[in-house]
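Two complexes are shown next, each including chain A; its partner changes from chain B in the first to chain C in the second.
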Partner chain A sequence: MIYPFLPDLLLLALAFLVLFLSLITSKNSSLPRWAASSGLIVIFTLLNLIPINHQIPFLFSTWKIDAFGLFIREFLIFAAFLGISLSKNYFNSNHKTSKSMLQHPEFIALILFATLGGFVVVSASDLLTLFLGLELATIPLYALSAWNKKDILGSEAATKFILMGSVATAFELFGFSYLYGFSGSIFFTDIIAQSLSHTNSPLLWIAVLFLFAGIGFKLTLFPFHTWAPDVYEGSPTPVTAVLSVTSKGVAIAFMAILIYGPLKQVHLQIMPIIALLAGTTLVVGNLGALKQHRLRRFMAYSSIAQAGYLLLALLGPASLAKPAIVYYLLVYTAANFTVFFIISVVERTRSASFNSLRGLSAENPFLAISLAIALFSLAGIPPLAGFLGKFQLFLNVAHAKYYGFLVFAVLNNVIALYYYIQVLKSAWVDPQDSKSPKLQILKTEKAWIALLSVFTLVAGLLPIINDNIFKILQSF
Partner chain B sequence: MIPLWLIPLFPLLGAIILGIISLASSDSQKGAPEFLLGFIGLLFPLLSFMAVLSLSFGGANTPIQETLGTWIDISFLQIQFGFLFDSLSKMMLLFVTGIGSLITWYSIGYMKHDRGFARFFAYMNFFLFSMIILVLADSLPLTFLGWEGVGLCSYLLIGFWHKDSQNAIAGNKAFIVNRVGDIGFLIAMLVLLSVGGSAFLSYEGLNAGLAGLSQAELVKIIPALALAAFFFFFGCTGKSAQIPLLTWLPDAMAGPTPVSALIHAATMVTSGVYLLARLSNLFVLVPSVLSIVLWIGLLTAFWAAVAGLFQNDIKKVLAYSTISQLGFMFMAAGVAAFDVAIFHVFTHAFFKAALFLGAGAVIHSLSGEQDMRKMGGLIQKMPITAIVMLFGFFAIIGFPGFAGFWSKDLILEKLFEFGAMGPYLYAFALLTAVLTAVYMGRLIIMTFFGSYRGSLEKSESIHDPSFSMLVPMLILTIGSAFAGYLWATLIPGANWFEQTLAPVLSSAQNHIHVQSVIHLSPLVFALVGTVAAFFGLFLAWFIFNRPVPLSKDSSDPKGFGASWTFLWDTIHQWTSVFLVKMASWFMSVVVNHFVLFVQWLLVGIVEILSDGARAIQVRKVRLQMGLSFVGILFVILIVYVYGGAV
Partner chain C sequence: MTLLNCLLLSFILFGIGVFGLLRRRHIVAMLISIELMLNAANMNFISFAYFSKGDASAGAIFSLFVIAITACEMAIALAIVIAMYRRTHSLDIDSLRGLHE
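Take a look at the complex of A and B:
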């Protein structure tokens, strides 16, 4: 029997180990990276072995390890692993280009700390832990987005990010304090008990609104999304990838824990707000992406829209919403990282714009096909994994009987398909620009892109992963 | 005990291996060695035939049911992927795999030096796989899988020499006409599904379900059952080339001759009859549909026999005779004599395959000449082929003792005994039998007698085919002579065929019992049938044993371009094809433009909105923050007005 707390402790230790290793090894040593990668694999394995459903007394509160938390942990490890692999090549290149960065071990350690923050969020059973977890998941990202000090755009992005992020934190704390004022306790159980009898209390509703506003910043929901395009575009590509996956995953897990935890008594009343936020986010994200020509800005809008889709899950009951969230996060991670790997290949020699993709199908069919798989998965085209994922998200909407809204969301997907195909048009239809420099693709990148594409295909064709997530989440 | 799934697996493996070889060698000039390919191509059908043989004669006589797993499992539809090996599927499998192996063997010689050698055998193996699935399936959906599979192979093989676009057009036509029939099959399955749920889609479930119905329940669902039966039969008219969907089969002769022998004569086209026999318990409950089957069979047999009289292409005569013989089988099914129908399927497979292979040998030695007007006198140059063809000829016209004699007489006898109408049906069918002898006699006379009218300069080069082609022909010749003795009415005790099929078909056949008006001894039928055959033979001799006028118009397949399918192409042209073309014109001109207009309108609106959405995106942090505050106020307002404290 493995101590259930072990993976979380190991991750904390791993982050410090990486920092420590960077002190004792040479500057360009790859040892810290290897340590981090293998440590993540060990933790991932352990996560599959520990018993589900555990409550461990922890300081004054309890540390909760349930099936949903485990799945989110696994997703976070998956994302961190990919993020570290993606970042590797940004540090290895020579130091003269503006895109290269220094101090890779610290970079890795920060990603690990952010991941740990996600762990804390899904283990929380009181407001304080929840808040601490979310902050731990966010603060490293501020530093990460400013990693490239030579880049003015990067500094601008980081400044914006930290300003907006602080405001968001303020909103959250405000919301939490009202929630505390409403129930007189920071424990979820007490809040549930209190909300059972006082559904209409204005204190509760102020808390809900401010919490939503605060998390709306992190999840890039309209009208709190405005920072995202600038930050995504300005940050280094690996940071953008981590931002769009890890930070979104933590934020949606945070929301799921709130809604199916302390706020579950008022879920029905919150639904219209969720629908409103999701709907407007979908429209703004999709419409905004329509006329973008730079890849990372485009991905920012795409991920804003994806956040809208993820939010749809919260309209359904926990038994349907949680599997949908977990599965969609996995699928989204695979597809998003495929695109970011391709972007990192492209921007090695060219600018990260649609024009750089011209004639990709002739120049490098492998990349063009992988790009098509990833983007079609993001758009939700069968038989790729994204279809199954989106289907389950929509299922939650249908379960809430928001049929008109469902039609609206599906129609939005048509717009999404349009702009995803715009990228593919550049890659497949537009003729090659003979002047642009040749693409250089590394073997490891090739392997990662191939693996992720296969994952996207297989997860869509074989329902094993999806089935397992459903069964485990519904039986525990 | 050999597991059932091995039987279809063998040809599937063959198809995969040969398909890979064909793809891999597609770039090379010469291709893989033909000896090896032929060996692989023949090995797998043969293995499958061995498996069927050992199952048929080695084991117990009880039906074997084997479920491999769940195929479809959704709330309203559960289908098991399983096989059923009972006496009906046994009978079909025996000759499907047996004759399939023989014709594959023959093809090795016939297809020699063809660049598509590997592809051809891959298709043939895949065809056998699909046909075995069709016959061996224990449920309608699985049968449908095979049904579609054989249709696909038929399409691929008709258009095998696709460099000539006429062949490709012929393949298209066969596929499309078959698809029209397939819709009938699908509708019928849906009707059964809505009547009895998933259970009705498996044969055992259907039989048990129909048997378990009380009289009151039965009366309630009879209209639905009749609808299902009618649409199943519609599907059969497509696959088995009956009125109204018969036009594709003559065109299908564009494929290589072994294909015509195997697919378009011996096996695939008879799957309609097989389906009727398989669903006999359903069909006997709805006599109205059975009488449709009977009349379609009668009319098709007659119509095709008449059309056969006017063909100059040797393969096309055989194609019409196939349609006509299929008509005979449907007649038998129409009077609920399903075992007789299957028996005729069985004997027909032998003699029609022999005839086709003989015709193939003739065409082969005449370097591809198919026009009978340019043949003649071949009996001296290729005597063995002539004997093979003559045996097949005697069998098809019902010459006493040959296979067709026994099966056709049985059909005529069953027709006669079918109530008050019987004698008239019998007379009509007998007339068709006379016509059969006439047009087949014409074929034999024009091909083998008289003097050679062809243009080949060295007529010495015309000779019997090589040994590897001859052996399968001779085996089939033996079959067309003696296959009939498995159920010879005149010989007491020689009814093995009837007894074998009885466990599957007898319950259905006993359900319909129409008293015959006049009782006659089987000897009388045999005598009358013999007289009819001889009469037709003499008629043919008197009419056609004279110099043949040379004509210049070609007898190539022309798709929809000619009316030589005897009006039916024209009828299709003016009814369905014209309507579809009208509809497609309407769609492309009116609907399409309307949709385009709506599309442009929507795209315009979305683009404008997109510009609006981008306008929200400001670069200054102050403005971004301000916008967020406005947003929060907005949300609060909405919650205050509508949601929240309700």
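Take a look at the complex of A and C:
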């Protein structure tokens, strides 16, 4: 039996270890990166050894470890590992280009701290822990987005990000304060007990509105999504990848914990708000992506739409919604990181726009095929993993009996398919631009893209052959 | 002094913060407005704790944590603002037009 608290402590220690190693090794040493990667693998293994069938409280019952928490932890480790691998090639002090950055160990440590913030969010059983976790997951990302000090757009993006993020924090905190005033306690159990008898208390509903506004910023829901395209475009590519996966995952886990925790009793009344937010986010994300021609901005709008799909899960009951969220987050991570690895290859020699992809199928069929797999998975085409993921999300909407809304969401997916195919058209149909410089692809990048594509294929086919995965996921 | 008075005061402070954020174009002034909003939430916690019949310590402790978190956030915000000022030599939010559709 493994002490279930151990992975969390190890991750905290790992972040400090990486910082410490950067002090005692030379400037270009890859030791901190190796330490971080192997440490993450160890933590991932430990997480898999923890039994998932019971809740374990710690630290005066402010900290609990349950199945949902464990799966989200595994997702966060997966995302952090990929983020660190993607960032490697941006820290090369040999080429002095405007895109290369300095101080890789600190960069890795900040990604690890943000991951730890996600760990804290999913283990919270009171408002204070929840708030601290969310802040720990967000504050490192502000610093990460400003990492490239030579890039004027990077600091502009970071300024916009931190201004919007702090406003979101203020709204969230205001919501928390009313929730505390409503129940007189910060523990989830007391809030549930209080909301059982006072469902229509105005304090509760003001709290819900403020909390939704606050978390809407972090999850890029309409009408709080406007910062996302600018920040995604201006930040360094590895940061954009981490931002689109880790921060979104933490935000949706936060919402799931809030809705299936303290707000459990009013879930039925909150449903219309969730449906409204999800529906408008889908439309805005999809319509916004239609007119994009720069890759990173396109990915920003695509991820806004994906946030809308993730939000659909919260319409269902906890036993159905939580597995759907976990599965879709994993699938989304694999597909999104494939695209960002491809973007990092493309922008090494060209600009990150659709035009740079022209003639990709002739120049590098491997990249073109993996791009097709990733984008079709994001669009939800069977037999890729994205199809099953979206199916699980839509199942929650059907379970809530919002059939009209379900049709609306599926129709939105058709728009999504159109713009994903627009990208593929550049890669597969448009002729090559003879003037554009050749792509340079590194062996490690090739390996990562291949692995993630295989993951997307296998994760889509495996549940059809053997549905054990969903049975395990549904048992929590 | 009643609970309602305190809540109204903090709500008005929050409103002033939001107004300042929308009205001011100077980045440091905007950060001060955000600080005002965060501290309005703090006052809410303190007043709920003071008038609460239940767990009064929780609200007071929460506000202490918030002060520490806000300090971290503002430290990073000012660092980013300085990095930006070195590039653009301007603290006007309207000059941030590099990233757009």
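FYI, the second predicted complex is superposed on the first by the 453 of 476 C-alpha atoms of A that agree within 3 Å, B and C clash if a C-alpha of one lies under 4 Å from a C-alpha of the other, contacts with A are read in each partner's own complex, and residues count from 1 in each chain.
In this section, contacts are C-beta pairs under 8 Å (C-beta built on N, C-alpha and C of every residue); 3 or more make two chains touch, one makes a residue touch a chain.
These numbers come from a predicted model, not from an experiment.
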Just to be sure I read the superposition right, which of the two partners does A:Asp230 touch: chain B = first, chain C = second, or both, or neither? both
Check the residue A:Gly181 against both partner chains and state whether it touches chain B (first), chain C (second), both, or neither. second
Counting touched residues of chain A, say whether chain B or chain C comes out ahead. C
Looking at the overlay, does A:Asn200 come into contact with chain B only (first), chain C only (second), both, or neither? first
Could you tell me if A:Leu173 is touching chain B, chain C, both of them or neither one (first, second, both, neither)? second
Regarding the shared-chain residue A:Ala143, is it in contact with chain B (first), chain C (second), both, or neither? second
Per the contact definition in the header, classify A:Leu10: touching chain B only (first), chain C only (second), both, or neither. neither
When the two structures are overlaid on chain A, which partner does A:Leu163 contact: first (chain B), second (chain C), both, or neither? both
Touching A:Leu287 in the superposition: chain B (first), chain C (second), both, neither? first
Starting from the residues of chain A touching chain B, keep only those that also touch chain C in the other complex, and list them. 159-160, 163, 167, 229-230, 291
Contacts from chain A onto chain B in the complex sit at residues 159-160, 163-164, 167, 200, 202, 205, 208-209, 212-213, 217, 222-224, 226-227, 229-230, 269, 272-273, 276-277, 283-284, 287-288, 290-291, 415, 418
Touching residues (chain side chain C, partner chain A) in the complex: 7, 14, 17, 21, 27, 30-31, 34, 37-38, 40-42, 44-45, 48, 52-55, 58-59, 61-62, 65-66, 69, 72-73, 76-77, 79-81, 83-84, 86-88, 93, 96, 98-101
Across the complex, what residues on chain B touch chain A? 606-607, 609-614, 616-619, 621, 624-625, 627-628, 630-632, 634-636, 638-639, 642-646
Sites on chain A touched by chain C in the complex: 127-128, 131-132, 135, 139, 142-143, 146, 149, 152-153, 155-160, 162-163, 166-167, 169-171, 173-174, 176-178, 180-181, 183-186, 190, 229-230, 233-234, 291, 297
